[in-house]
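Letters A, B, C and D mark the chains in the order given here, with residues in each chain numbered from 1 onward.
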Amino acid sequence: MKEISENLKLATIKSQLTKTRIQVGEITIGQDLVVMAGPCAVESEEQLMQTAAAVKAAGANILRGGAFKPRTSPYDFHGLGLQALKLLEKARTAYGLPIITEVLDSRDVTWIGEYVDILQIGARNMQNFALLKEVGKSRKPVLLKRGMHSTLKEWLNCAEYILSEGNPQVILCERGIRTFETYTRNTLDLSIVPAVHELTHLPIIVDPSHATGRVSLIKSMALAAVTAGADGLLIEVHYRPETALSDRDQQLNLPQFADLMQAVLRLKNFMPTLESLADHAKNN
Amino acid sequence: MKEISENLKLATIKSQLTKTRIQVGEITIGQDLVVMAGPCAVESEEQLMQTAAAVKAAGANILRGGAFKPRTSPYDFHGLGLQALKLLEKARTAYGLPIITEVLDSRDVTWIGEYVDILQIGARNMQNFALLKEVGKSRKPVLLKRGMHSTLKEWLNCAEYILSEGNPQVILCERGIRTFETYTRNTLDLSIVPAVHELTHLPIIVDPSHATGRVSLIKSMALAAVTAGADGLLIEVHYRPETALSDRDQQLNLPQFADLMQAVLRLKNFMPTLESLADHAKNN
Amino acid sequence: MKEISENLKLATIKSQLTKTRIQVGEITIGQDLVVMAGPCAVESEEQLMQTAAAVKAAGANILRGGAFKPRTSPYDFHGLGLQALKLLEKARTAYGLPIITEVLDSRDVTWIGEYVDILQIGARNMQNFALLKEVGKSRKPVLLKRGMHSTLKEWLNCAEYILSEGNPQVILCERGIRTFETYTRNTLDLSIVPAVHELTHLPIIVDPSHATGRVSLIKSMALAAVTAGADGLLIEVHYRPETALSDRDQQLNLPQFADLMQAVLRLKNFMPTLESLADHAKNN
Amino acid sequence: MKEISENLKLATIKSQLTKTRIQVGEITIGQDLVVMAGPCAVESEEQLMQTAAAVKAAGANILRGGAFKPRTSPYDFHGLGLQALKLLEKARTAYGLPIITEVLDSRDVTWIGEYVDILQIGARNMQNFALLKEVGKSRKPVLLKRGMHSTLKEWLNCAEYILSEGNPQVILCERGIRTFETYTRNTLDLSIVPAVHELTHLPIIVDPSHATGRVSLIKSMALAAVTAGADGLLIEVHYRPETALSDRDQQLNLPQFADLMQAVLRLKNFMPTLESLADHAKNN
């Protein structure tokens, strides 16, 4: 713990006793439970608008959608780019949902920031220091995904890169780490949630979609994440997952997402009854 | 999924549609939520009896305690052996708690089985096939811990070794896998819980003590495990953790365990309200 | 380095300045370069005798052959057992090759030791402490394979288990560790060879067959191992690999092994010319 | 193998039967054995010039030196930037050594390319696709380091990103992958060298400095790399390692590098005698 904190001047709980709260539209991340939902990639107006309408109706707070997709092969589908950003803007206007999208290149931070409410740094770019510095100069909230193989120490140092450039609005996102298990796409590390809370003042949300890679496991892991103290969830939802151009096996369909939201909201309300007197004292 | 099941004749859900239920004393593992608790190692009569009394009072169902400890170095404390078994027997009589202890050597299965209610195979011995066959010939329930680096496929094949010798009473136990994260001792893989349920009929319990190696994370992970659908928990508890001869950083003290149990029991009662109509149909 | 050595009373170079030398038949392991070769498993008299004749002719020093095979599934081929030991004995008599085979169960150490010249502890049993203690009580040399996920520290502590029971004849064997790379079966860690030499007095040999799992890579890795300072090699050879009952993709055929041996012997003779004056001083 | 090649249109050996040869100054990478040497980071004129003079005298072909250093913490030393590039240029003029340096940001590719002979993509940026595309548009040779956790498949797809933008001059560099072993900084995967040769036409060099992180292991691993068929080496050398601002434990001093070079050159000349008749046929 000492070793982790020694290079952290800004991210550590010692530097700031109160939890970071980030206002995005009507929701206060770090205080309210936030649910970001939407398709892996923006594929068409119909796909985005129908999915956005449904996630809004189910209770999601923020709309996600990839415009620029980092893919293993140069020959895979890489997103619709600017066209996707314009569709996201349209969905925001139509449904009143703030939007989040991933940025891949330091040159794109400024102009993509004009379109979206939250900038996402993907797992593969967690240690792309040029990109971290650039989003650190932005005034937009940044969602920083944990690298596939990253330790907590490395991850928090990446948050520190953003904070040290003057941007205090950092949201951490656990999305699974690579292990030898192959049944799941990655291994969701839920113990990182209370660990982040005991070391930093930053909010942390959980992405069970990328972590598991299997529709059948997402609801259980979303609920377990809330129980573990996550400040929110990032869930891939597609109006017709079987036709998706990427991540087909891990996007919930609309009824599955509605069912998940219902359970999440019930669990959120139940959670305070699990706290001990000691927890109460700590939180107040 | 197909590849995992192909060598599994007995463990797979295809071979047995109803979930395995294992009766140990008054509890039915696989049906009721079971909590096994007690010290890492049996160290003295006072330590065991006081800890046993407290875990019983808090609501634990089974008493754990190591008699033979596998340790990295030959010069570490290796447990009290037979003396520990006699103390466990005494605690069982005094508090009416069935007992579980680890067995390390194929030669010890028969006689240790005379003392205890459940035989535990530790993570390091998950692929000790001689030992698996021997407990497979026993009539005692077997708790099979997942190896530190094991895949689900390898683990289920080890369960199959036991089942194929004629012992159907196998309980799986997730206790964390080794990853590059060093903040926690291991990484608790909770997604394995619903994965085990979709592939097999065997009960699975979760050990957050070894998984996290940190007292401060155990309650969160125990609750998350219950939310993920675990059939029970294995928790290290010591009446004076600061004096423990092993695993000092991960044994709860008695008030911490009582607080955890209270929350676990509340959560257990709440869980059914999180199920969707689809889940209800599946479970009945 | 300090941390690694602290629990090592006997394995560390500080406890014994001269390198351990182990006499097996005519070869002195730890002094001469030793080549152990033979089939993964003993399958038939014809298979074993023809392979043994060929490896002897090519220059191998010791015949390997599995009698008891640890396999992931209980339904796989597990070796011919006692029949295999008798065939190994016959091959030893016929070709004057000492023999090595794996032992899986603490109950089998004594009687298998009557048949063979070296007892092998496989990677899955590296931390089977009951088995380590039992071979520690034997008077036979022990080849201790590194566990698939083992650190150097854990491995040397396992050697210490054997040494501390009174058996000084321990040979270490690097056989690859599990990584995320899937092109090779495991990842051969050759840097462990000079690391073992700087920390301990024990000989270390290298098994490129299990490490790579691909015939096409074995020769390169065998030569690289010799260059890295290995005290020997363990190579799987089969007179007809395409018919083998296990490890089909990694057993060399007879001409491939003869070609490898020729190159190994040439390289062995060349090696002294690569030493610097500093190395010479250290070695003498 | 089939799966690895399926997305590789340009990197695969099927698309180009002859090995890629890249001319840099007087050396032909992919044909001659190339040695790139120099300090981790350019720290001062004295440091760079003295180190450059010595590595040239010892036989190195290319001078390395970091101008922009990716570091875990934002508060670590990040290199001298432009000043370092000017010093590298000066050293090139003085000693006739082509130079290589790492580029971190897609915005810097063009102007840094004006200064150096080879652009290096570091391990953390292996999947920084924006950067890969940008160097793919450059006319400079690119050294692509393998990511710390990367599979061969992922790595070759990153090479494909560069190739598919029109730059055929890609040199692969193995620098160790992260494993659970802590004695070495990373684990050098030498089996990747013959694997790369059997799948692609691209040259591959080996960096034993980052792979081992220990001066005492570098010579052994450099020689083993040459034996395994590497097309060259990348070695960190510092005229006074004990004063280095980064990577202090893994930079050779000048006499150590001279000793290593002597052995490497002897081994290079010896290598052809290890080839079998089959290898000869394949290579000609």
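Note that contacts are C-beta pairs under 8 Å (C-beta built on N, C-alpha and C of every residue); 3 or more make two chains touch, one makes a residue touch a chain.
Quantities reported herein were computed from a predicted structural model and do not represent experimental measurements.
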Proportion of interface numbers common to chain B and chain C (over half same, under half different): same
Of all other chains, the one whose Cα centre sits farthest from chain D: B
Rounded Å distance between chain A and chain C, as computed from the means of their C-alpha atoms: 48
Whole-Å gap between the CA centroids of chain B and chain C: 35
Intercentroid distance (Cα basis), chain D paired with chain C, Å: 33
Residue numbers of chain A (touch at least two other chains): 149, 153, 178, 180
List of chain D residues in touch with chain A within their complex: 7, 9, 70-76, 104-108, 124-125, 127-131, 148-149, 153-154, 157, 160-161, 164, 178
Interfacial residue positions of chain C with respect to chain D in the complex: 1, 4, 149-153, 177, 179-184, 187-195, 198, 211-212, 216-217, 219-221, 223-229, 259, 262-263, 266-267, 270, 273-276, 278
